[in-house]
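Shared between the two complexes below is subunit A, which pairs with subunit B and subunit C, respectively.
Our next item is the complex of A and B:
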């Protein structure tokens, strides 16, 4: 399966959540590879604790260089050898492959040409052959990367490969409206995809949403609230639920939600069991939400059409 | 791919007279065909019919095998060199794709590189017509020691840096992609398997007394065999190295060998190495997460369905090169490892049957 991770706005936690999902899927024994298509600011290296590729890879060997045609194949980093976290050394028994294809340091957005589409299609098809889950982290908004993704997945060679779309958004009024616009609005994923040859219903069915930084009124974080504050929180949450349903980003197309967690927000790195149990800096709800998300991503039932 | 050409490299001696030496370099990439089931013979033939008008070679025994026509690609770029010497090569490389058992796919690319010897430097550029009548041959302008070329080819990681040097791996990988993109394939793989890269070189025999063996140690799993038969074609030395999870290298010294046969040997070798690597990987994974209660680990089923029957070592290896297989078998123990894996899988199967019977009796 090829999974495109996207969001309308920046700062949704799209990359950090996707990286955590990738790690968890690999730990559960599924071969995973992660492509950093955020050409303007590749950050996957930093999230995965890979110092040598923290802001993309140097030497013109990354995805950007590959798509431009200056290298015949992009660098593939075996993350079990590169993640600088002691808890993951040696890799846990039963862990499957986890590979990062980093972007180039100092890359940028670029217009797409036909050869680039060919190269991108060839790469994605090969990765889908070798990996159960290929996560492509697209930059925020209606970027060239998104155009490219919609273009290649409409090609015959990739049409047979399962491709799915995840739209990340924060749990606020503006973010809900923006996420709905990115999926279903003018020049959104579905509209652009149909222009490029996708079948509307199929593409529509393959889009799911992930809510991030969701405050959970019942969690211990909010234990000290005044009754008025708690009531307000409940009310606002209910209003947002209604808005989401009206904009077609309601529960039926929700793949998961990740609670508000300072560790996820500030550190923007992998959350490991030790962060929850030993260091006790991350919330166990966050850990559970990421686990559930990883499971649902690979579970066909959660992608069943309505 | 470039212009279509015929056949395989000329079946010529690996060494030529006059101080010149020829080095055969090549790469084979092997993977699982992107289809949910094994292809039938007509389907397999259609998938590897890569150039219109040229015949696909098909054989049914001992396992079904279909080979595409040879494809030539013109190259003009520096050839690899361990010392960093820049020497331009001009000529063509030959590639072909094959399907085994309608299930495994291979692409192989090779070229005979003709190096100018002392005083007999190949002068200047010759017209393309000259190169086109010698498909699969690259002529190097200027002096370059054969070992320097071989080391450069085997040891440098290709495809990772800005490609300025002859990169057979890229040509080979591209061809494998082309086959896998065939519209005949449904892209639904029964399980995921890594591709392996198998790089090989054939160098002339060094001038040593017959039968003298010259061992040296190489990094990684290294296997060295020495043969001393002085038949018209003979192999003096073979080094096989498992460089990392997916890269293997084979360095052979020999003379009077048919290059077509050497390429065939390497393809066969790469195929069995892939089988062993893939099944080992699946078994290692299922040992860690053993189902318990005698249940058959779910990962093993596709291996039983699709791979176990494909093992047929040296099926397409000629008489001359058979000793190479035998030697590698003795040292690396390919078949012993395979039998042990297959035995383990069958035991798991028996255990799972017993468990099911036990459940039924309860």
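Our next item is the complex of A and C:
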């Protein structure tokens, strides 16, 4: 399965959540590969604690170079050898492959041409055969990367591969409206995809949403609120639920919901069991939400709509 | 009020699902063997709150509240809940449909032989029962409304197809149930000097008047009902029973389709089995039918446009019967002037049986009639006293004596003889059949809350709410507290020590009725609080003083200092708020005004303390 991670706005936690999902799926025994298509800012390496590729890879061997045609194959980093976290060395028992395809350091956005589309399609096809889950982290908004992804997946060569779309958004009014716009609006995923030859209903059904940095009024985190703040928060939350339902980003198309967590918010890093149990810097609810999301990503039932 | 409907309904949902949803399927099962009424009751435990209380709706998965989702987590996520319900409802509709596609309303395991040890024959167990008609109307309407909203968010063809099939089944069941009620309605007439006539006259004669005088008064009071009944012809009418002008009569519902009831013309290819029920109204089944029919012309049914054209015609036929029956029984109940017949407890039926339970049933009809004509507190207070007395006599709010006969109303319940059920259409003869009813406590609670929500005086409302709390405490004690069915009803031994602790399986009959009570409470709480003129006047007086003092403070130029300015701005906003809520919540308005007055006085007092100082 190829899973495209998108968001309309920056700062939604799209990359950090996707990286955490990739790690968890690999830990659960599924071969996972992660492509950093965030061309303007290829920082997946930093999230995965790969110091050598923190801002993309040097030496012109990354995804930029591959797509532009200057190298015949992009570099693939076996993360179990590169992650600089003691808890993951050696890799935990039962872990499957986890590979990162980083972008080039200093690379930027670029317009797409036909050859690029061919190269991209060949790469994705090969990876989809080799890995159970291919996560492609796209730049925010209606980017070239998104265009490329929609273009490529409409090609006959990739039709047999299951492709799905995750739209990440924060739990605020503006983010909900923006996420709905990215999915269903003018020049959004569905509209653009249909232009490029996708079947509307199929594409529509393959889009799901992930809410990030969600304040959960019932959690212990908010026990310290004034009663008035709690009442206000509850009302606001209910309003947002209604707004989301009206914009077709409601619970029936929700794949997961990740709570507000200081570690995700300020450090943008992988959350490991040790962060919850030993260091106690991350919340266990966050851990559970990421586990559930990883499970749902690979579970066909959770992609079945109404 | 101590009843917490949201919490209690959630608990009930959790318990219902825990008991009913096993190994991924909805299992119709309980104290009685599955039958068309009990299974409907079991489903209504979920469907009724979902259709009647806004906070409990499940038809928009995107908006289902968190605690609702958690209570039903066994079904899966918010999007799974409606689908699991659809499957359970379809199973129900299919289970109670004959090969020829006609819905079945059989009494089944709810029926008992009058004489212990005798065995009912299968044909008797297949007899349709008014309880089942009424439950089916409520369940079908809940289902149709639920689907109407849910289908808007569904795109998958497989689910859409399930919805449209269930819609058809529910609609057909609704039509069949309406026809059933049309064919179970009956008018029973009798000579004034027959035993029934004398019983009726004694019943309403609260002033010791001579029999002829009472008969004349009855004729006059019931003249309009009589004229109306003469026009009731579709299904089992009563026109022919009223030909003799001298005769007295009673009207309402028998226990099932009455003997020789004609078929109702309908476009649906439905079988209409021959009736056997005695042509005389039963108070219990009358109340049950009235409650079911009420759902047919509820606001929700109209807004969601749930009825087909044919059903709307049937609805109007039923509404006429509903009106006439309501009028008939509330006229009898209020007969007598100084002392109403209703207040003369226990009520005695025309066949000479008397019980506090019958008084409660007549009260039920009367309460709904009072709701209809928005009665004043004087009438409501009289009904309130009756409810209070019934709850004491029924040993709901008083402890029972040893061997207290009142306990029998709860366990095993009042046993109603289903006259006519022994002679079957096939010519076979079976044993006498009874229908045990044990809903005294829930019926009492439901009507008490109904009257409470009508009461406009605070004293009356308070009195009724306290009575509701006491009845609820009684019912709450009777929950099953162990085993698979914990959280459901009924363990009467917890409230009546002399009753042996018995079956640990749930009685859906009682559980469903408890749930209905909670729904009535939830809807009452949703309304605006009582406001009275005294409170409003006090709020007004306070507002004038506060406003004036506030203006004085501003006039004094107090806003020069930043600290003062902030405080006065704040107080100004509080005054605005007091004004906004003055109309709907005068008490809250007073609380805000007192806070403002206190703050203003602090400033005044601080200033005054300076005045005696030397130059």
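One rule holds for everything that comes next: the second predicted complex is superposed on the first by the 305 of 306 C-alpha atoms of A that agree within 3 Å, B and C clash if a C-alpha of one lies under 4 Å from a C-alpha of the other, contacts with A are read in each partner's own complex, and residues count from 1 in each chain.
Heads up, the rule we're going with is that a contact is a pair of C-beta atoms (placed from the backbone, for glycine too) under 8 Å apart; a residue touches a chain by one contact, two chains touch by 3 or more.
Worth saying up front: this structure is predicted, and the values here are computed from it rather than measured.
On the shared subunit subunit A, the superposed partners subunit B and subunit C are arranged side by side without overlap. By the touch criterion defined above, A:71 reaches subunit B but does not reach subunit C.
Applying the stated contact rule after C-alpha superposition, one finds that A:199 touches neither subunit B nor subunit C.
Here the vertex is the CA centre of subunit A, and the angle it makes with the centres of subunit B and subunit C is 130 degrees, a multiple of 10. With both structures placed on the common chain, the touch criterion links A:250 to subunit C but leaves subunit B unconnected. In the superposition on chain A, contact of A:231 is made with neither subunit B nor subunit C. In the superposed model, more residues of subunit A are touched by B than by the other of subunit B and subunit C. In the superposed model, A:242 makes contact with subunit C only, not with subunit B.
Contacts of A:279 after superposition on the shared chain: neither subunit B nor subunit C is touched. Of all Cα pairs linking subunit B with subunit C in the superposition, the shortest spans 20 Å. Touched by subunit B in one complex and by subunit C in the other is not one residue of subunit A.
The part of subunit A that touches subunit C in the complex is made up of residues 201, 205, 218, 241-242, 244-245, 250-252, 304-306. Within the complex formed with subunit B, the residues of subunit A that make contact are 29, 31, 59-61, 65, 70-73, 75, 93-94, 96-97, 122, 125-126, 128-132, 156-157, 160-161. Per the touch definition, subunit C reaches subunit A in the complex via residues 60-64, 66, 77-79, 83, 153-156, 159.
If you check the complex, the residues on subunit B that touch subunit A are 31-32, 34, 159-163, 167, 169-170, 173-174, 177, 180-181, 183, 185-189, 192-195, 285, 288-289.
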